[in-house]
Every structure is written in C-alpha cells, then in structure tokens.
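I've put the structures underneath this note.
Both complexes below contain chain A, partnered by chain B and then by chain C.
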Partner chain A sequence: MIENKFQKILSKTIANIILIVVALSCLIPFVIIISASFTSEGEIIKHGYGMFPRGFTLDAYKMVMHSSGELLDAYAVTIYTTVVGSLLSVLMTIMAAYPLSRKDYKWQRIFNFYFYFTMLFSGGAVPSYILISNYLNLKNNILVLILPLMFNVWNTFLLRTYFQQIPSAMWEAAEIDGAGQFKILFQIIVPMSVTGVATILLFVMLAYWNEWYLCLMYMSNEKVITLQFYLSRVLSEIEDTVNNRSGTIAMNMDVSNLPNETARMAMCVLAAGPMMFVFMFFQKYFTKGLNVGSVKG
Partner chain B sequence: MKKFTKTLAGILAGLTMLSGCGTEQATEGVETVTWYVPMLITGNGKQEVLDKVNDILETKYNLKLDLIGIDSGNYNNKMQVMNAGQEEYDLAFTSHWKNSYSTNVSNGVFYELTEEDLKKYAPKTYESMSDNVWKAVKIDGKIYAVPNWQIQTRAACIYTPKEFLDETGESLENIKTLDDITGYLRKVQAIHPNCNKIKAMWTQLMPYYNMIEIYEEKMPGAIVFNKEGKPEVINQYDTQEFTDYIDLRQDWVAEGLCTDKYLPDSNADKKEIKEEPIWVHVYSPGGDAILSQSRGYEMVFKQFSNAVMSSTGVTAALTGISATSKNPTAALKMIEVINTDAEVHNLLSYGIEGVDYVKTSENQIERKEEKTFRGVDNWMMGTIANTYLLSNQSPTLIEETKAFNDEAMPSPLLGFNANVDNLTLEISNCKTVINEYLEMLDLGLSDDAKLAEFRAKLDEAGVDKIVSELQSQIDEWYAAQ
Partner chain C sequence: MQEKETAKAKPKVKKRKYRYGHWAMTAMLSPAVIFVFIFSYLPMIGLIIAFQNYKYNLGMFKSPFVGFDNFKFLVFSDTFMELVRNTIGYNMAFIIFGMVAAVLVAVMMDMVHKKVLVKIYQSTMFLPFFLSWIVVSYITHSLFQFDYGIINNLIRSFGGEGISFYSEGKYWPLILTVVSIWKSIGKNSLVYYGAILSISPELYESASLDGCGGFAKFRYITLPHLKSTMIILTIMAIGGIFRSDYGLFYYLPKDSGALLDWVDVLDTYILRSIRSTGNIGVSSAAGFLQSIVGFVLVVATNYVVKRIDEDSSLF
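Let's turn to the complex of A and B:
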C-alpha cells in the first residue's frame, strides 16, 4: 500500500515537473520578447536579453508607432478582414458542411469527392494570380484579402464530422415537425456543435490574422495592407540588407533608418498580442474541439 | 433568423463600401509608366513628393510615373509571379542578385533594346556609359536592360585608423599583401594588445585572389584564368587560396590579433577606439570620409588588389523594360529622364529640400532626422552621378568613381551572364551549407577538421554539378566570341 502511494506521488511529481518544464519553455520566450521590447537598445547590446527589462523604456514602441500611421492603418485593415472574413467564412463552412453530413443527401458522395479533390490538386501560384488579377479584377480591392481564404475544405470536413455525430433522430424529428432546412441547420445543428464551430472560427481567424501573401501579391495600395504584411516587410528589409547587399553597394546605403533589435521585439508583441488575447477565450472550446476532431476525423 | 439576416446584410454592405476604390483619371496624351523597385517608399510626405515629381514629368516630358516599391525581401517572389502571369507593367529593377536578369531574359520578360532605340530615346544615357558597360549587359549579343551607373568595379581595400599608422610608423604604401597586413597587425598589437583589431571577409577578398564571382559572391563557382589565359570555373572553397586564408585567420586568432570576444581597448585613453578598427572590404571611392564620420576618428584607406570590372559589377543594378509594356518607348524615355533630370532624381531619392534635407554645399546635402519621406536609393533607378551627395561623402565622389571605373581592367569575360536556372536545387543546398560554416571559418574560429567537413558537405550538396554547368556555359560563350 505504502509503496503504491509512493509510486503514485512519484509519477505525479515527475509528470508535473515535465509539464512545468514544457510550459516554461513555451512561456519564457514570450516573456523575453516582451521584456526585450521594453529594454533600451544599449542594454541589449551590452548584456543580451533577459527575463526582466533593464533600463525600462518605451522607445521601441514610440519608434514603431511614430514612424507610421501605417501601423494603425494596418491594424484597421487586419481587424476588418479578420472579423468580416471569419464570420463569412464560418457561415460558408457551416452551410457546406451540413449537406455533406447528411447521408440521405443524394449528391453527398459526389460533392465530398469534389471538395476533397481540391485538397489534393490546386491550380498553383501563377494560374491563381492570373485568375484573380486578370479575370476577377480583384487587384487593389480589399475583397481580395477576404475571398480567397473564405472557404477551406479541411475546415469543412472537420465540421462535417461534428455534424455527423448528432443523432439523425434530431433532424428527422424536426423535419416531421415541419422545420425547413435552414431552420434545422441554424436552430438545431449549429447550437448543438458550438464547440466545432468555435474551433473553426478560431482557425479561420488565425488564418486571416496571419495573412500577408495575398497582400503582397494583389495590393499595391500602401494604405490597405495587413498587419502581418507590414511587419514581414520591415523584417525582410532588414534581413535582406544584412545578407545580400554586402558588396559594392553596401557602402552607399543609408542603413541608419532601419529599425533596431528592440523595435523588432515590439512589433512582435504588437502582432501576436491581440491573437493571444483571443486565444484565451477560445481555449476551452479549442482543446475539446481538437480531441473530438482527432478521434472522429 | 431575422437577426441573422440583418447581420449578414450589414457585413455585405460594409464590404461593398470598402471595395469601391476610386478609378484613376488619365490626362490626354500623357503616358503613364509603371516602375517596380525593390525598396519600400514610405513616409507621410510620400504623396506630396510623388505629386511634385509627376508635375514636373507632365509639364516637361508628357510622362507620368507610377512608382511601386516592394520590400526587397519579397521583391523576387512578387516579380516572378507577375512575370509568369504576364502582368502589364513598364519598368522593373533587375540585377544578378535580385529579380535575376539572366533568368528574366531567358524567359522573355524584357524587351530587347537596340542601339537605334537607345540612341533615339535615351541618347544621353547611352553616351554616358562606356562600351565595356554596355558589353557587360549583353546576353547573346543583345541588350535587355539599361545599367544604372554606379561603382562597377571591384577591388580589395584596407581601411585603417590613421592613429594606428602614426603610432606604428607604418606606411600604407608598404601594404600590398595579406602578409603585409599581418605584419602591420603585429605592430598594432604591441601598442593595443587587447582590442579586436580587424574585420575581414573572404567574399571581399576574392579580387585579391584574382577570382571573379559569377552569379553570387558567396556561392560556389568563381572564375580564374589558367596559364594559357583561358577561363576556368572553380569551387573557390576547395582551393589552396581558401586553405591559406583560413589558416591565416586561425593564426590571427591564435596570436590575439583578432578574437571573437568584445575586448575594450585599455590603451585608447585619448579616444575610444571601437571594435574592429581595421577593415578589409571592397574599395569604395570616398569610403574613408564616410567611415571617418560614422566612427568619429580619422580613417585612411588603400586599395591592395587589381581593380576588375566584371559583368556582375555592371549587372548589380539594371532597369529592364517589361515585354508586357504597352508603351516601351515611353518607358525608355522615362529612364532617360531619371538619368538626365537631376531635379526628378533628387526628389525621388531624397524628397523635398527644407522638409527632408538641407543643402550643405552646392552638391551636398544633409538628411533631416525627422524627414517625412524615405525614397529610393539613388543607384536603384538611374545614375548616381546626377543626385546630391550626402554631407559625409567626398565632394568629388562622382569623379573618383568615374576614374575608378575607367581605370579598371575589364574582365575578359565581360558580357558573360551565367544562367543558373537548372541549378536551383544545388544552389539552395550549397547556400544552407555555406550559411552554416562560412562565418565561423571566416572568423578563424574553427579547425582544419571543420574545413574538411565544410568541403565534404559542399560536395554532397552538388557543387560539382554547379561548377561543370557553369564551365560549359562559359566554354560555349567563349567559343562564340
């Protein structure tokens, strides 16, 4: 008995220690980034990064904010595309997943395959570009940041699996009571799969929030760029300067106005911050969602 | 249900509102030229500057410029997709290191520029550059882009604080080889024992070893000339020269001439001598003045290798006219305007006088701290000869650059532009290896075993294929001459 108890405590302790270590190794980089963004540049050069800001300063944030009303514009664009895009996207996904989940739907198999096929084969970058810019004429139109991401087959299949778990008796009963398909979907099926819908919502929100490629390809209007594109631009500009222009040209370059290390950290905080906040609210759905999806998917 | 419909309607209304972008109005007879450059153009004053440029262009030349700056890291990606998608535009920055000139030409991305066209629409630009420069941009005997005139020549150079020379009694005249530099470092060592004295990089020393880069200075594949004067492609990392250089760097570290640690100079009581005061780099006219100012103590310099003008020196900055352009003559005229109209070029590079910079002399300016416009570097769109110089640059920089370019020995391979399309896999493999090893080797911080490992990994990455492919391209080109 005693031995048993001891073993239990021991295994629990070990498990906890491992989890603590894992948790810390996830947490510490964030803390370091946040602390670095508040540290003065000189301190970082002298002492390196630390868990707590030495010589607390807001200079990096001032620099990132000051140098650009662009940052605020970028925030506005990203928030707009994220909110509008993810709502529309979830709506589309729900409406596509529902018929696919109904075994009594005549074309179910055909449409399943039709969707699945696009997961295996896609048009590729250049045809997509030609389609969007030449035929749909979406260049420099904010819709281009929303439409291409609006439908995701993987998400649809995930949601389909959720819907399939709902006993068929539920919608059969509703149908007998005279409910239309829309009513069944939005008043019975969706409320019963909140977890699944929330998971999808989180996925698409992340996708919209992190979007920069569409912006690179189709947006030449500097006023309408997404946050991640704004940041990736600044970062790639720095990296490129360091790596590529080492030769003849380097000496003629004015590198004085490139943002420095702490500014990069500040940008990192600005980019990830809001999403981390959102994540906290979604987490309870998210973990549940992952489990169900993986077992049944 | 109603509530839901309302929300949806609201969202859609918002969408249409934001998507209604204004259409541009074109004035009769004015030709708009779209120009892509790998540099962000930012600042609150951006619109004002571009409006001013367009005012001048419209009244003087009947042209309009639509300048689009893509951040340099994403530029390749964007241009590739645009070119493949046959997107319509007029001008784009191209070079051997960004938006690859030879790849684009082999894909038919650019218009061929005949001498007649150049003489007719861009006569001053055409005349301003020597035959060698034009020869360097030719592919199969045809010109596909206009060079932006800048330093087109490479030579190795040593920059050193003048104070060190005075203290050691050394004269720059005596420094002709790397061994001389070692001797000089030892003398400096006797006076400043604890500072990290020198910064040098293999890639900048290639002119010293008479190696000519072919497509990218770091990447394997360089040209040397054998005893019969025939060009031979080598893997520069597998040569006696590279071994010697790495040995030398290790010796420097062993002797304490160069370390990886930050060591404050205990003997520099007069002024704080920064880390790595001596710098082996490429020669840049007026470089001593720039360094003196940025470092706060007097720097002097001396070129210690031959100056060679190779194709890559010229193809480092070019402007090509897209084959999708509806109006290539207007595009060519636009190039001529940038190269001849100092007012336009200065506006694009530096912004508006009094707002973004102040003049310190006839042809020199100082940028304001709080400038509202960050423009295009002056070598990116046209000649550097007609823009202002910065106040820390030598006032005679243009003359010095011209002399340096003119005096340089033109490489016998001028006009050879390698095409590395078939080598993408090998090149990216080699890049990974080089990024992993070269810096440590370059700092003298690894041993011979590491060097052997580096070479073995390069072999694995397919360096032989790169060398033999380039060799066959060169042989073919050479035979055609």
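Let's turn to the complex of A and C:
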C-alpha cells in the first residue's frame, strides 16, 4: 500500500514536470519576442536574442510608430474587417445552427448533409481564386477580406451541438405561447448558450485578425492590407535586401528605413498583442466551450 | 373512440403550427446556404479546369479541353515525386506525432487532477494557437537566425559552430513538425482531455481494486475510450493528406530557395503558380488530386473502419 502511494506521487510529479516543460515551451517564445522588442539594437547584435531585455528601451516602438503610416492603415483595415466580419459571421452562424439543431425541422437532414459535405470535399485553391477574381470581381475590394471567411461549417456544427443540449421543452413551450422562431432563437436559445456563442465569436475574431491569405491572393492595393500581411511583407522585404535578391517589392523601399531586428519584434507584439487580450477576456468560456464540439455527422 | 379522435387531431394542430416554423427556419438558414453555395459548391465546378488549357480571357467554359495533358505534365515533372513525398511525409508526421503528443498531454493532465493547475497548463498551451503563422515565423527567426538566434547562441556558448538553419534543409522536417504540434497542442489535447473526463471514475476504482497499475489502466480503460475520437480525427486528417498549411510551409522557411527540396509541398507549388506566371492548368491538376484523392481516401478509410468497428466511423 505504501509503495502504491509512493508510485502515485511519483507519477503525479513526473506528469507535472513534463506538463510544466510543455507549458513553458509555449510561453517562452512570447517572453523572447517581448523582451527583444524592449532591448536596444546594439545589444541584440552583440549578444543575440535572449530571455530578458538588456538595456531597456522603447526605441523600437518609437521607431515603428513614427516611421510607418502603413502600420496604422493596416490596423484600421484589420479592426474594420474583424469587427464587421465577426458580428455578421456570428449572426449568420447562430441563425444556421439553430434550424440544424432542431430534429423536427423538415429539411434538417438534407441541410446538415449539404454543409457536412463541404468539410470532406472542396474545389481547392485554383477554382476559388478564379471564381473570386474573375467572376465575382472582388479583387482589390475590401469585401474580399470579409466575405470568404464569413461562414464556417466547423463553427456552425460546434454551436449546433450546444443548441442540441437545450431541452426541447424550452422551445416547445415558447411555440405554444405563440412565439416566432426568431424570437425563440434570440430570446431563449442564445441566452442559454452564452459559452458556445462566446467560443464561436473568439474563433471568428481570431480568423479575421490573423487573416493574411486572402490579402496575399486578392489585394494588390498597397493601402488596404491586413496587419498580418503587412508584417509578412516587412519580413520578406528585409530578407530580400539581406539576400540581395532583386525583387520588385524591395525596390520600392528605402533600405535605410528598414526596421531592424528589435523593431520587427515590436511590430510582432503590436500585431499579436490585441488577440492575446481578447483571449484572456474570453478565457473562462473558452476551454469549457470546446469540449462539447463533436465532429461526427 | 374519443381517444382516437384526439390522436388524430393532435398531428393536425402540430402540422399547422409547424408550417410557419419550417419557413422561418429555412429563412434563417438561407444566408448560410447561399454563402456555402457560392464559396464552396461553385468552386467544385472549377475542378474541370484541370482538364483544360485555361486562358484567363476565355474563362472556364470556353477554354479548350486537353484531356489528361495537365496531369501528365505534372506527374512527369522533376519535382512531382518530391512534392508528393514532402506533402504526405509531413502530414503523416503531423497526424501521428500530433496525436501521440495530444493524448499524452491529456492523460498527464488527468493525472495531475488539481483543477487550478490543469487550467493554468491548458491556458498556457493555448497561447500559440492565437498566433498567425507570420508571427510564428518571427519567433522561429529569433530562434534559428544565424548571427543572433538563440539556438546558435547556445551552440556557440558551448564552443560549437553555428548552424546556418536557413540554408540547410535537413533540419526542417524536425523544425516544422515540432512547430506544427506546438501550435495546436492546446486545442488537440483539450479534445482528448474532454473525452477522458467523460470516462466514469468507477471504472478506474474497480480496476484499482483488481490490482491494476497506472499503465494497465491507461492501456485497458483510457485508450479504448479515446479510440473512437482518435480514429474520427484521423479519418478527417487523412482527407487532407494532400493539403498543407500554406503559412507554415511558406513563411517559416522564409521562402528560402536553398530549402525548397525539403519544404516544398503541393500547396506552396500551387500558390506559387497562381501568384507568379505559372501554369494554371497544371496547378489545378495538382488541386484536383488534392480534392479527389483526399475525398476518396476519406470514404475508403471510413468504409474500412466501419467494417471493423461501426461506432468509430465518421459517417
């Protein structure tokens, strides 16, 4: 018995140690980036990147803020697409998930399959590109950063599982009282599924905030680009000049103005930071919210 | 008699009431139906481009058909085998190691048992999930950069020679696999942790009474309970075995030409040909393979799984 207890404590300790290592490996990169953004450029060149800021300075942030109106433009675009896109997207997801969760809805099975099939089969990148740029003519239109991400089948099915857990007596009673479906959805179902809706909202916001792919494909307009894409362009411009490749993009940029190592990291913090705050805010719903989602059709 | 009448009357009332409900619910659903039709179903028609010599000015319906020429060109090109090897190899590594890591983390979280600690671990492991691949590429830059990178600093401080990671391909399979698992470990382990929590504690108690050790419990109780989740997620992943996360494979190696042999996958190949002057026909042939072969694989795996164990199948 004593040996058994000892074994239990030992395995618990080992589990804790391994989990701490894994958790630290997820945390330390953040520390590196943040501390590099506060370190002076000379220290980085002399000692390299490190865990703690040496020679604390705000130079990198000052430089990023002063040198580029582009950064502010990118912020404006990203905030716009994130706010407008997420609100519309969550509304659409809620309205889709509710009928799909109702077993007594006449076309429930057909539409469930209609959505489910797209998770298994898709046209792929080339046809989507041709559709959006040649037939929908959305190239260089800010809508192209919003519309393709607006509906996500996975999120809808996650929310559907939430709605299914609400006892059917809830909406049955409301129906007898003569409430319409919209009223039932927004006054009974949604308030009872705050966790689920919050989880979806977080996912959708994340998708819009971290958007760069659509920008890369459809936006040649320099003024209207997302934050992440701006970040990627800065990185590739630096790489291009460093590697002395004769890229056309690099030509447009004044080499002396290139953000240096620390400024890059400062930009990184500015680009990822807001999402981290959002995460902390949503955190209490989040880990609970994900457990429900089953993908089985 | 009376009973029969009410039984008859009841459905009638229901029907009248629900007629309104059906239309209201269809109305709710319609925006999503339209969006999916435009952005998911319409591109499926575009798969025919794989059999065409696509011209932008002629469009999808007027471009000349060329049979399997695009596929021949793709398959016989020098890079094709390499692309397929990389794509499948990376995906297999992500599926297998990703699953093992997620299950192990979930099991260990269950062992820890202290709610506060589990919560802290979970939230911390979720952090990378919120980063875009571009931000992650900045992080890998700070780790692997030749002059100032942390790993090279460490190597040098122990008296070794710095490694030029961005021009030597052989390190990248490991780097990309680790980063890929790192980014999704929080989310994936949460799924398995949820499944473990749903196992009845009585099972473990009675196993303890029978003298089962920790490993035996894992082997005979936990693992069988996780099996169907593991299989379903794997079937889903197999459908995407020809697809890759473009951001991971494009931004992390910084598009460095020296690494291309090791990190070029079908998706980076396709995207490169859309964005630069490449051949649309050939890249849509590659896309066609991704869609059709992926779909066939999902259906086939699901069929096999269904024959062995009905409950674990996806559909």
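Of note:
The criterion applied here is as follows: the second predicted complex is superposed on the first by the 246 of 297 C-alpha atoms of A that agree within 3 Å, B and C clash if a C-alpha of one lies under 4 Å from a C-alpha of the other, contacts with A are read in each partner's own complex, and residues count from 1 in each chain.
In the analysis below, a residue touches a chain if its C-beta (ideal position, glycine included) is under 8 Å from a C-beta of that chain, and two chains touch if they have at least 3 such contacts.
Bear in mind that the values here come from a model prediction, so they are computed numbers and not experimental data.
Once chain A of one complex is fitted onto chain A of the other, the partner contacts of A:Lys62 are absent, as it touches neither chain B nor chain C.
Look at A:Lys223: by the touch rule set out above, it reaches neither chain B nor chain C.
In the superposed model, A:Ile18 lies in contact with chain C only, and not with chain B.
More chain A residues lie in contact with C than with the other chain of the pair chain B and chain C. Using the contact criterion defined above for the overlaid structures, shared-chain residue A:Tyr80 touches chain B, although it does not reach chain C. In the superposition on chain A, contact of A:Arg109 is made with neither chain B nor chain C.
Legend: residue contacts after superposition of the two complexes on their common chain; A:Ala96 is shown touching chain C, with no touch to chain B. Once the two complexes are laid over each other on the shared chain, residue contacts for A:Gln283 go to chain C alone; chain B is not touched.
Once the two complexes are overlaid on the shared chain, A:Glu70 sits against chain B while remaining clear of chain C. On chain A, the patch touched by chain B and the patch touched by chain C overlap at residues 125-126, 129-130, 134, 182, 216-217, 232, 235-236, 239.
Interface residues of chain A, counted against chain B in their complex, comprise 68-70, 80, 84, 87-88, 91, 125-126, 129-130, 133-134, 140-143, 146, 182-183, 186-187, 216-217, 220-222, 232-237, 239-241, 244, 246-249, 251-254, 257. Remark: chain A residues 7-8, 11-12, 15-16, 18-20, 22-27, 29-30, 32-33, 36, 44-45, 47-50, 92-93, 95-96, 98-100, 102, 104-107, 111, 114-116, 118-131, 134, 136, 147-148, 150-151, 153, 156, 175, 180-182, 185, 206, 210, 212-213, 216-217, 228-229, 231-232, 235-236, 239, 261, 264-265, 268, 271-272, 275-276, 279, 283, 286-287, 290-293, 295-297 touch chain C in the complex. Taken together, the chain B residues at the contact with chain A in this complex read 1, 4, 7-8, 11, 14-15, 18-19, 21, 40, 42, 44, 46, 68, 70-74, 77-78, 81-82, 84-87, 97-98, 150-151, 154, 201, 203-204, 217, 281-282, 284, 287, 290, 313, 316-317, 367, 374, 377-379, 384, 390. Listed in rising order, the residues of chain C touching chain A in the complex are 17-18, 20-22, 24-26, 28-29, 31-33, 35-36, 38-47, 49, 54, 56, 59-60, 105, 108-109, 111-113, 117, 119-128, 130-135, 137-139, 141-143, 145, 147-150, 152-153, 182, 185-187, 190-191, 193-194, 197, 213-214, 232-233, 236, 239, 246-247, 251, 254-256, 267, 270-271, 274-275, 280, 283-284, 287-288, 290-291, 294-295, 298, 314-315.
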